[in-house]
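Alright, structures below, take your time with them.
Each of the next two complexes has chain A plus one other chain: chain B in the first, chain C in the second.
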Partner chain A sequence: MTALLEVQDLTVSIPSRFGEFTAVDQLSLNVLAGEIHGVVGESGAGKSTVGSAIIGLLESPAHISAGSIRLQGDELTALGDEDYHRLRGNRISMIFQDPQTSLNPLLTIADQLVETIQQHRRIGDREARQLAMELLAETGIENAEQRLDDYPHQFSGGMRQRVVIALALCTNPELIIADEPTTALDVSVQKQILGLIRNLAEQRKVGFLLITHDIGVIAEITDRVTVLQHGKVVETGPTAAVLGTPQETYTRALMAAVPRLDTRLERFRNIVTEDKRIDGESRWAVDGASAAYASNWLLGGDKVARHHTAAVGRSTERPDNALLRVDNLDVSFGAHNRWFSKKSGFKALSDVSLHLHRGEVLGIVGESGSGKSTLAKVVVGLVSSSDGTMQFNGATLPDGRHRPRSHLARRQIQMVFQDPYSSLNNRRTVEAILTEPLLFYKLAAKGPDTRKLVASVLELVEMPQRAMLKYPHQFSGGQRQRIAVARALMARPDFLICDEPTSALDVSIQAQILNLLKDLQSNFGLTILFISHNLAVVRQMADRVVVLRRGEVVESARSEDFFNAPQADYSQQLLRETPSLDLLGSPG
Partner chain B sequence: MHSGMLTFIARRLLQSVFVMLAVSLIAFSLFRFVGDPVAQMVGQETSLEDQARIRDSLGLNEPITTQFLTFAGNLATGDFGYSYRTRQPISEMILDRLPATVELGIVSLIISLLVGIPAGIYTALHRGGVLANTLLISTLVGVSIPTFVIGIFLIFVFGVQLGWLPTFGRGDVVALGWWKTNFLTLDGLRSLLLPAITLGVYQLTLTMRLVRSEMQDVMKSDFIKFATARGINRRSIHFNHALRNTLVPVITIIGLQFGGIIAFSIVTESVFQWPGLGLLFLDSIRYVDIPVMSVYLVLIALMFVVINLLVDLLYVAIDPRVRSRSEAS
Partner chain C sequence: MIARMRRYAIENELLYLFLHNRIAQLAALIAIIMIGGAVLAGFVAPTDPNDLASYDLLDSLLPPSWSEGGDARFFIGTDDQGRDLLSAILYGTRLSLTVGLLSISFACILGVSVGLTAGYLGGRFDAFVMRIADVQLSLPAILTALLIDGIARGILPQQSHDDLMIVVLTVAIGLSLWVNFARTARASTFVEKNKEYVQATEIMGMHPVRIMLVQILPNILGPIMVILTVDLAVAILLEATLSFLGVGVPPNQPSLGTLIRIGTEYLFSGEWWIVAFPSLTLIVLIVSVNVLGDFLRDALNPKLR
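Coming up: the complex of A and B.
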């Protein structure tokens, strides 16, 4: 059987002032009709560029400098602009990552579907509408007839992605390029969308090129997979073979870095050297600064002795003597009572109780909208609660509105945010960013000592000391997240809240950051509230797990118990829907 | 939908009432406290008894709050009082001048939109093109030169040197009831052209640059990429998909611009001796005609409030997301 899509020696170059950058280097791959072919790699591997090249939408100045792309034997690279545009939608279509932004907000679903259908087929309005309705029904939208005239914002994220798929499908293309089609979705929705893609491939014999960074997704639905690194093919073949018995070092390392749902690793293997590129620079150091100095500073001089509580076997089930204790917490947003309207508001958290002992890591899991981040914000004092109490270190912890800036807990509770690109001020040097907590919390007076501390803490998070002279934008995502962790440490916290600290990062970088957090936790007995939608990541970190759903606690259990035998139906469903990595065999 | 929309409108109207009250308070203070109203009304030889009588008949001896309430009540019922200078009812003077300014404003707004929006689209779609760059640079010149210089320049070229167009006044007007219009005679239209262009140049540049930057942002968005990937034709992508989304924020600015055009037509009206509100306002300042000034102030504020309300309603009509948000609240 000849391939639907044959890509041979495809090379994409991007000319720049500093010479030509090769984004994709002699890449070859085939997609058969009815097959789902995965393209996997970390950011910068050139995955999306491959997709854009195939559909002819490379953004200038990127261009195909060599190789061929054949669709059913037709050479595409030779096509002119207009011919290529006629082919789009008609023979190749595309699904984008974020369903929130890939639909025109001002046009109804029917407008967008009918326009696309009529663009490629000469049929009347009524027929096109009928076809649109059937497609919506086929992609799993209930009451398709009534929903046709709705606007995109009236659909939920998963439903929107179904509409996007209907749009990609409405012209009967032979090939669909799906660029991270489920990355913005919750696991349960992801499962449904992946199932839909599988069905379409089988029933309509559409070929799919599925581009993703998520090994779980690849393992779940692709037939074959191509692993990319730096624009080059590392390995390609049937998914089970490539993921199960990887031949190349890079693939093996990549697999090892993926957090597994079924086991807890003490440490991840460090696979990437790229993040350490900065090491090549001339050695620059502040006098006397060292990781040991930072450790001493963090451990010593604290009024409350930090117990090294590595043993998890203690009685953490009971809330007595907990470092943080939250009782019957309610938070609602948008409740108001104005002249013309009364509103009870949206309940982000209701009746949430939990506790956390010193030295313990509590994982909070849940889908989007479950109130995970709200919980973090309430504890750290960014959002006020509407009911319930909090206790920290034995004393009442006032909510955000009543917690003055001078309150001790403002220092003791520190936070690491999800997106390291927006959580650091790009206009300030790393030194200024890291010095601020010292001065603000009056932990040190300005002077040579603060500089030594900053350098030492950088060393502690495995960054070169020289980093303090630079600005955040000069660092990669992983390095920025290290800086964010360092900033939290500068306050000498008792308690760290990590809100999705690795979900913006590549798997290899994620592994490094998780290693770092594990080290800090065991060396300093830090107490961590670890929030993530990714159950596998939580398994690696947490001693205990709390499952949130629509603002309510569904289950609260010891981590091992939870992952081995979840009690609540919802927990079981969550675990079931998380893509399985059984293909990979046991981690080595 | 209806109850949501009605509360939305009701809430906006209530806010507008507060804005108008605040402005009329300022106007009242201007009227009452900038100089003594009686002293400005009477001549030198008016006796003190007569002055006291006038003061009493004007209600200036009442408590301040009563005076303000009377003032605001009069304004609300359309009783604007009398001008110090001409002794005419101010409402008559305003109605006499209003058509000239409104017509000038509308024509210059139309000019700025008719040229500004297409030019904005063109420069957004042909980045770095020769014509696009020429447009950008020439409008930059337009926005950098003060309005009165542009006016005088236009008068010099088209009025004096070429002799094509009249340089001052409204020319022949046709009365439709109390509304005198320029639109129905050739001379009136010719007279309108130069001042309208002068007034419109600045707005034109703003509109063009705003449309350009919004359009560029929209063209980078995912839904445009997706539409391209579905093979939708370019014309529809540009005008149906991109332009609509571009216009959502542009409408607000254009609405406020129209307020600006009317409020700040003063300079243009002065250069072209255009007998509109702006000129009336200038004359009032020259003769310290405070009642006219305060009424002008209130009217301009009223206009801004009304335009803002209309812009909000337009928003609701264009953007389905705003529609459902206002229904929800």
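Coming up: the complex of A and C.
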């Protein structure tokens, strides 16, 4: 059987002011009809560029500088704009990542489908409408007939992605390129969409090129996989073989870095060989600064005993003597009670009770909209609660509006945010960012001492001391997240809230950050509230787990118990729907 | 050293774009020459038009030196009082630029502080201030400036008004232009204040004023810079317009506006140069500042590229 799509030695170059950059380097891959071919790699590996090159949508100045792309024997690289335009949609379709933006919000679903169908086929309005309805039904939308005249905003995220898939199918293409089709979706919806893609491939004999960074997705549905690194193919072959018995070091390391749902690892293997010198310049250091100095500073001074690392042996299920205790917390947005109107608003959290002991890591799990982040914001005082109480360190913790600026908890509770690109002020040097908490909480006087501390804490989070002279935008996402962790440490906190600290990062970087957090936790007995939608990550970090759904606590249990035998139906469903990594074999 | 400079020229985005934009370079060159000429007017101008002894009524209305009846002493001719037009333009540009820069600084400081506060605090203060801005925006800038200038004339005695002319003009023009700054600053602040780095300082319990000045302000300077350059042209124009209408600079002091006003009286009697050269100066100045402003806007806003 000949391949549907044959890509040979494809090279894509992007001329830039720093010289020519090769985004994709001599890539070859084949996709058969009815096959799902996965392309996996970390950010910057050139996955999306491959997709754009095949569909002829490379953005100038990127161009194909060598190689050939053949669709059923027809050479695509030689096509002119006009011919390519006719081919797109007709023979190759594309599904994008974000269903929010890939549909026109001002047109009904019917308009968009009918327009696309008639663009490629000369048929009447009624026929086209009929076809559109059938397609919607095929992609699993119930009441397709009535829903045809709805606007995109009337569909949920998963439903919208189904519409996008219907849109891609409506010209009966031979090949569909799906660029991160499920990244913006919750796990339960992701499972359904992946199932749909599988069915379509089998029934319609469409070839799929599935581009993703998520190894779970690859393991779940692809037949064959190509692993990319820096634009080059590292390994390619049947998915089971590549993921099960990886031959190349990079693939093996990548597999090892993926958090597993079935076991808890003490540490991840570090797969990134980073050049500690940021830019070829000689080693620059502050006198006497070292990680040990930072450790001493973090441990000393504070009279409260910090060696509560043994949270494991103790029973922590009961809220007595907890460091943080939250009782019957209610938060609602948009509620107001004025002269003329009374509105109850949207309830983000209702009747949430939880507690954390010193030295414990509590994982908060839930899908988007479950109120995880709101919970974090209430604790740090960014959002006010409408009912319920909080206690910290034995004393009542006033909520947002009523917490004085000088409240002690403002230092003791620190937060690490999700997006390392917006959580650091780009206009200030790393030194200024890290010195700020020191001076603000009066932990050190301005002078050589603060410099030494900043350099030491940077060393502690495994960053070169030189980093303090630079600006945040000069660092990668993972390095920025380290700086964010360092900033939280500068306050000498007792309690760290991590709100999805790794979801914006690649798996290998995620592994590093998780290692760092684990080390900090065990060395300094930090108490951590770890929020994530990724169950596997929570499994690696948490001692206990709390599951949130629509603002309510569904389950609260010891981590081991939760992952081995979840009690609530919702928890079971969540665990079932997380892509399984069975193919990967035992962790090494 | 040279290698280092070359590397910097590649890495610094603004500089790189500037070095690859001929039109912006040309505009910058012209603007620098004109500003230089205005600043150094005392040294480069052949005569001092403010000095009554330096000109003679007998020399009045002489055409440019290259045309028939021209005088080599007066390169582009003289005005109705016999002043050297070139010197008058150099001094006039200096005055126009001074008033323009002062008033735009005033508008910028006022507008940014109002916009930043409104954007950060939101709520009632925001609603109140921005409604004032909306009302002001519905009046043409020139009308606002005329109004303020008129009030100042009414309050201040004639003598001190002439002395305080620059201050009055600055306030009048500044108050008619602050709205742009306020709106831009407010919109950018809205975006920045929801970013996590601001939240991080709020969690710390930092004082709002410090958050605004230390954290947010440096991050919204980009769009402000753009408005600053674009509105500088507007401020210079406003000054010229006010002077042209006779409510700006006193007529005995040359500014581009007063020169054009004098010129229009002689336009139909054939003395074209009195109106043509100051107008040309004004046009070239405004265009080059505007081109620079557009360049900055494109360079600082990647979405437009």
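Some notes on this structure:
The working rule: the second predicted complex is superposed on the first by the 572 of 588 C-alpha atoms of A that agree within 3 Å, B and C clash if a C-alpha of one lies under 4 Å from a C-alpha of the other, contacts with A are read in each partner's own complex, and residues count from 1 in each chain.
Definition applied: a residue touches a chain if its C-beta (ideal position, glycine included) is under 8 Å from a C-beta of that chain, and two chains touch if they have at least 3 such contacts.
No experiment lies behind these values; they were computed from the predicted model shown.
By the touch criterion defined above, A:64 reaches neither chain B nor chain C.
In the superposition on chain A, A:106 makes contact with chain B only, while chain C stays out of contact range. In the superposition on chain A, A:98 makes contact with chain B only, while chain C stays out of contact range. Of the two partner chains placed by superposition, A:10 touches none, neither chain B nor chain C. In the superposition on chain A, contact of A:427 is made with chain C only, not with chain B. In the overlay built on the shared chain, the residue A:151 is in contact with chain B alone; chain C does not reach it. Once the two complexes are overlaid on the shared chain, A:221 sits clear of chain B and of chain C alike.
Legend: residue contacts after superposition of the two complexes on their common chain; A:116 is shown touching chain B, with no touch to chain C. Contacts of A:419 after superposition on the shared chain: chain C is touched, whereas chain B is not.
For chain B in complex with chain A, the touching residues are 7, 10-11, 14, 221-223, 225-234, 236, 240-241, 244-245, 248, 318-321, 324, 329. Contact residues of chain A toward chain C in the complex are 17-18, 380-382, 403-407, 410-411, 413-415, 417-419, 422-428, 436-437, 440-441, 487, 491.
For chain C in complex with chain A, the touching residues are 10, 16, 195-197, 199-207, 215, 218-219. Interface residues of chain A facing chain B in the complex, by the touch rule stated above, are 55, 57, 85-90, 92-94, 96-98, 101-108, 115-116, 119-120, 151, 153-154, 164, 167-168, 171, 339-341, 343.
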